Amino acid sequence: MKRKRNILSADPALVHTVRIKVRFSEVDSMRVVWHGEYVRYFEDGREAFGEHFAGLSYRDIHASGYTTPIVEMHVEYKRPLHVAEHATVETRYVPTEAAKICFEYVIRRETDGAVAAIGTTTQVFVNDRGEMELSMPEFFKEWKRRWNVL
Amino acid sequence: MKRKRNILSADPALVHTVRIKVRFSEVDSMRVVWHGEYVRYFEDGREAFGEHFAGLSYRDIHASGYTTPIVEMHVEYKRPLHVAEHATVETRYVPTEAAKICFEYVIRRETDGAVAAIGTTTQVFVNDRGEMELSMPEFFKEWKRRWNVL
Amino acid sequence: MKRKRNILSADPALVHTVRIKVRFSEVDSMRVVWHGEYVRYFEDGREAFGEHFAGLSYRDIHASGYTTPIVEMHVEYKRPLHVAEHATVETRYVPTEAAKICFEYVIRRETDGAVAAIGTTTQVFVNDRGEMELSMPEFFKEWKRRWNVL
Amino acid sequence: MKRKRNILSADPALVHTVRIKVRFSEVDSMRVVWHGEYVRYFEDGREAFGEHFAGLSYRDIHASGYTTPIVEMHVEYKRPLHVAEHATVETRYVPTEAAKICFEYVIRRETDGAVAAIGTTTQVFVNDRGEMELSMPEFFKEWKRRWNVL
């Protein structure tokens, strides 16, 4: 799970935060959010990120002729979330030179700011012939240039 | 929700039963299956029916060039289902002369045979140009002939 | 599905509208929202209603010592919803003298205002001994008085 | 994600395999299983394991006065799963001396035996006062003795 970080970079990281609300259907019999639902929260975060830093939403990627399936996901659960509770999903772009898209997530409870969960995902690029791209697609290079990230 | 039934018909109705097991993730904070999960159980029943009475599974329909979206669904909840409990989904084909597929469902707890829920769904036929068919597609007529139903 | 409506009543119905956004995980292989996900949208609508007309949210009901399980649900699907699309869920309280809570829902696409689905739910009152209440609990009578509905 | 393995141990590891079938509702608009659904498959595997090696099912743990929330999860996605496809979930107990339950999972497509995904989960013990146990509960020690694992 180690990822190269450009620690010399003075550039502010690309981070976006979105607010979510826990649905009744997401809570399990322990009266806390079922651990699998956090995958949806990460997806909420990722999608909001991709709309905010325009060009990386699901529809943008699709329009570019690619899909970006998740190939790896890691989650650490710190504190529970409860029904009807508000939380924030902070989604941070993790620079990489590989033909991948890496994100880190921090989910915080709104009431006390406590971290509920952290996680990472890695996505690859699959072209419209169903093949995984070993080098970065042009649309993604363009996105990186626009937002000034590696 | 009234549906014509061919009560003179001597033919045994087309009915198929499949066994399911309640997942932990399907149970809500009341410690019973969340009401929305029954939609999946109906789908389990419908899919098992379509494989048993060959020619009406999701893949059969797709191979025929159609999709059959649900246009109406009705559910009555009678008794709760609990975590790790086994249940049966009985799926009954409801004859109709319309260009529709109608099913009735009965979900029973395996322990005591009690009815947990009953329901109905109605599906229509959409062709590969995305248009709803007003008359029955040939593949479905063929299916009805094969299984001797109206 | 017929429900008595107090058509002489001049009172404005209790209606609340909440905005939702279609998640990627809610879309099926037909590239439209899977029909079972509408159950979550209704729940979003109901919960937002219960918070707006204070005293009927999940947590309010729970604090009153009751649960209000769904005993009946009906959905009609009119037009599809697509990934990342915004929609509105309009939730309308349907007056009844029975010990029940009845709602009607209208889900509309935000782009064109077209109705995507309509539906109804009926809930009953279960006390903290797990028994269904045949008469209206005091907290619900109080809620009705406060909001001036039958 | 490295975990000590008792490689000198001659004992056959505790492994259990359960068969699953992909539901239509689990498939996304890419026509493959949505990555979040694998969390349910892991849970299916874990639950089947806990019933096979008696004493570690959800209900056994609950009856012992504990819950065992997931504190960490890792998934690597190798190949897609498709609608109505059968797969197997192999669940392997990973010995540890800590007050934790660790599992490894391998999900394989039934058609070609290809690995669809691998993963790990870590669970801790929470007692009925809601506190995390720093040492192994007696019921779990007993379970380990019964099945002869560390």
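When the chains are written out, they are named A, B, C and D in that same order, and each has its own residue count from 1.
One rule holds for everything that comes next: a residue touches a chain if its C-beta (ideal position, glycine included) is under 8 Å from a C-beta of that chain, and two chains touch if they have at least 3 such contacts.
Since the model is a prediction, treat every value here as computed from it, not as a measurement.
The pair with more inter-chain C-beta contacts, choosing from A-B and B-C, is B-C. Matching C-D against the pairs in A-C, A-B or A-D identifies A-B as its interface repeat (over half of contact pairs the same by residue number). Of all the chains, the one whose CA centre sits at the greatest distance from that of chain B is A. Averaged C-alpha coordinates put the centre of chain B at 31 Å from the centre of chain D.
Taking each chain's centre as the average of its CA atoms, chain A and chain B sit 37 Å apart. Rounded to whole angstrom units, the spacing between the C-alpha centres of chain B and chain C is 25. Multi-chain contact residues of chain A (touching two or more other chains): 24-25, 36, 39-40, 43, 83. In terms of which chains touch, the assembly is arranged so that all chains touch all other chains. Chain contact summary for the complex, chain A toward chain D: residues 1, 30, 32, 35-36, 39-40, 43, 67, 69-77, 80. For chain D in complex with chain B, the residues that touch the partner chain are 23-25, 39-40, 43-44, 47, 57-59, 83-84.
Residues 24-25, 27-29, 31, 34, 36, 83 of chain A are the ones touching chain B in the complex.
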